[in-house]
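For reference, the structure I am asking about is given below.
Every chain is named by a letter (A, B, C and D) in the order it is written, and numbering of its residues begins at 1.
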């Protein structure tokens, strides 16, 4: 186990963290805060927690923030914190999707490191501009594609990179929910409403909300570039503007092919993220619900169940492991790994050294742009009757 | 349990069965024989078990067949048996795919009932001709799409027909193997060789060998007609002529959409047949490896595990059940259900009565033609760069 | 796969089989008949199917038996069949437990081979007498402890015998049901009534009906002799005379210890038979509901899932395998393996040769006596407040 | 979801926490710190982190503690902190077992609340004395029997209390590992060494280290008092002084019976904690490795899978839930629930009000004493050849 590398060394040099969004009634903000606290490498010291000033203040008070550093707007926070000697090192952006771009750009331009929720922006154009902005800024930009934080997802990536599976041929990936089976959005449920509103969520519904996780998981593990998609998308619930189901064919550079399925109308599935990756020498299967186990089959041999922290777990997984095998870890721990690695990358940047190699897999601004390129290609394909469309390259 | 309805009533009036193919070294013939024996409704009395006369005779001897009824060719068997007073009632055709058509047609035309392995023929044209032949003959034609024999597959079909899932929206189906990951066919392994040879297997490789099972399973449970497919197919193993992986998008009449994945190059999968069917009111999931359990989620309620023979199992499943719950049944039992139902349909035809309603789900010549229409549309789509293609209707 | 070794060689020299018990309304008789038919090594030619003469005849007619060989009593059948030139080779005894002894003894004494359901007798004394009778008769006696027929149970036994697990230390075994949670027996349900009646079932309730399967499974796989038990037994349903739950501690010769749990009042369990065997070098786990998979952990390495017919399956398992991996086999197939092995042992006896070594694991009269010794020791322990009691040795 | 009730309200009034033990090289201390941070209701402000003064200081520095509040000994910390105006509210005791008693007693007597790891003490006498001490002190004492923090364990307890299962009859519980299969302790591995040393661990080896978790889980869910045990214990590894495997029969007040199995020599098991509870109306099964799912069978109906945060999850579970269903939570989250509830109980005590009813299930000093009573009875039974022994009552 690698508790030491996470918990121990961090506390003494905690990063000062600000947060935009994530006030009362929000969901993902609290997740970011737990993830940030888990390994004690961050201190939340400032927040612009809501666009509603009153809610922003109440939220700050509840979190124990200094009222002086509880801001009514992110622009105010940016200005004041940038001016303080003990100003924030890093900002977490956890607003609805359509606000990510402006906020991230502004903080980067002031040299403040950014941790941003996904999808990174609502258009590919914005994403590409953010790539340039981040490159120019010298600040660190981390996208919380949190599934890359699961220890055995990292091991899967390493095994593929090591050639353990041989040449990759086939990929099957999916992310499936059921909570939008009924017209929850039309009934005004807040989470449903903004996620199905093109103005706030972007052009993708399920494909942008969760399908992009499946895309990203496949990209992360396989290391392959997606070249073309054929996406058949539907809004099954009458009146819904964005897709709630997408069936997608995938073609990767080098010849691998695959399928991606995402749905928010598949009863019995709550958050089922799943992947199978198959090559000439072996196969790997992993399911998010069962994140602590990775099923590996060397072709012609029995399937092995590699469990987090147990026999067969590799260094890259152990470095992201806090508990002994079969004491389950989960979503917050994986999210926490992204935060801990972000801290390490930021410290390394400050100290002008290379980060610990175990922390270099943290998702970057380019990964975010690739996610938007995927969403954009799917939407383009679906609009054209589900024909093959190229996925824009991100350099 | 319904042991009585299977085992008991059959033996006293066993049908006389002949077999074409299935001699020494074959695989599926032995499965048909076990399936036929299981409920004691058939007696194997004649065979043309191999195209090789010597092997045909040795095979007959080993099976304890009367040497007089061990034939060197199926044409000989047809002629002689049709002429006998105690001639065969029904013939099982278990040859490689490309021979099914001629043999089935000839036996039907003599009024001998036919039980035929899948895929029914190697071309859609042949299949459509066989539909006309069967209609004209008055003989019964049963296709051993054996997965329709699993008790809980039958229950799934009934639940859908009863409206338990509401309107169907999304279907995910797959059949995945790994045995062709290497170039077994090029090395002369018999099963691999004929299944990857267009002359014997038809235009579809994995799509015709196993993908058609996934198609058929979805059709059987959903009751929906497939309208269009978009099929991206590959032969990953160098030199292989037929597809060994197919990623397919599905569009059904009425608006449901889905994905179908079939592969013979996915290490760690031996015979993984799987389906998920989702409607406005609920979802069903079933996996062939775990055939005795059906997972049912009424939307908004916990998932139920319905186990064969246990609480929640319906009449249509119980009628196809021999064992108490969690004494596992499997492939042979499901196959046996198709045989037992075939016997019932043949008896009913002989006796000019309606068959037991529990036996009317037996796959017909039209189901076989639909399978070919599916394969043909996929091959057409794949050849055209994986664009959308209509699936021919079978009336 | 080893289809040939089962299906092929049998039919040409089928054994003539008689059956005692198993008429209309019975359960296990039909299972024996399916098991006997599966590999085509037996022909059912005679029966004394019920103690009720009318039911015996109706049952025979339904099974297509020659009316002349449909007997009103087993004594009649024994006399007549022993006198026929084409008389039965072997008799299957599938009556309630208390009748096994007299019938088996009588047939053995006439030199007719016996296949007998479990538990072998209702007292240990009877069992020990049957051991002597069988030894003296020269006839083959096979006990249908059917779980020994599962291919991967046989592999587990082989792995232990090969020393793969090192020295065995700990065994956990259980067989659990729920069908007697309510007072089904008091309501006159036939299966419940005789199984909870000491006069018909013997001194053990759940321990004799199903607990003995768990004992036997552990004995078969481990190869260890049970020395002592401490059994805490209860009849939870008011008015029930025999135990419906038993918690048992086990001590084996050589120092291994274990637990055995059997229950018929554990809601949610239908037929859950399960075992874990742990030694100094590794562990094995197997569950009857999932009979096609064996979980093997070499200490310090990831757990392997060995699937029937797949990579890692050994000869002893493959010899008992009919289907490719993940085309599920189950209870009837395992039962069929016991029948097929019985045929082989009988043939070998007739031909005065050694049986195929793959068929020598068939449960014998001594295994039956050991089952009774186990039941008897548990009952003795439970009566004495659940103290440690020696298990009688069977030589 | 109930994120608000955990994360939000806490931070503004964080409790000041000190820690005894848990310095560099320790395991459970880091777990306590993560659990304490997760919901932001505690600030670690002081520590006596090691008996080795140098290590204590290095550990404090690494954790970012004020050097002034980094103590060389717990006695020093107690004295100084008790004297400070801003002294600690609560102390976490995470030393080896044999030190718990003295430390807990001393802090309680100064009116400082105590959170103590399990087992509470090394003798039953000490535990009973601690009960009296805690009662007299007015301070809160919380034992981190962390499995009681799993949301669905709490739901199971509620379902039993509500009578959902009817009268309880049968309990099966186990906690199984494999890490002591070899003589790790003799090789000087620190964790293995102290856990198998009677002077540090107490009279129980596996029974005290992990078996007590299985006992406690059964007690928590069932609400039943254990009356008698019969424990057959072994030290399989030569030279080991304490048990590494224990097979235990259980008798509860009111008539329920059960089995408890604990092992540290069962290869393939890392931390397998499991329970089945069966009553006259239904059964519940839960496994720690799969903590987010609870399997509930109303007798005669299909088994339901109740998933954390999903349909069928009750208030008591939802109050302890941070994530939507199937975004896995785990060990740290369950541990965090115990910490969060401890905070609530301490706040309520300070504020002289009743705690939130959702927080009243937190394990108390009496639960700790019952754990010792269980261990002590098992050890007594094992020494006496595994006979039945009464479990001391804790009033």
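By definition in this document, contacts are C-beta pairs under 8 Å (C-beta built on N, C-alpha and C of every residue); 3 or more make two chains touch, one makes a residue touch a chain.
Since this is a predicted model, take the numbers as computed values, not measurements.
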| item | value |
| --- | --- |
| Length of the shortest touching-chain route, subunit B through to subunit D | 1 |
| Distance between the centres, which are taken as Cα means, of subunit C and subunit A, whole angstrom | 55 |
| Chain centre separation (subunit B, subunit C; CA means) in Å | 34 |
| Distance between the centres, which are taken as Cα means, of subunit B and subunit A, whole angstrom | 43 |
| Set of subunit C residues in contact with two or more other chains | 269, 296, 300, 303, 307, 310 |
| Touch-based graph of the chains, sorted into line, ring, star, complete or other | complete |
| Contacting residues of subunit B [partner subunit C, same complex] | 1, 3-4, 7-9, 11-14, 24, 27, 30-31, 33-34, 37-40, 61-64, 269-272, 288-292, 307, 309-310, 322-333 |
| Of subunit B, residues touching subunit D in the complex | 296, 300-307, 310-312 |
| Interfacial residue positions of subunit A with respect to subunit B in the complex | 165, 169-170, 172, 174, 178, 181-182, 230, 232, 234, 236, 245, 247, 249-251, 255, 257-259, 261, 263, 265-269, 276, 278-283, 285, 295-299, 303, 385-388 |
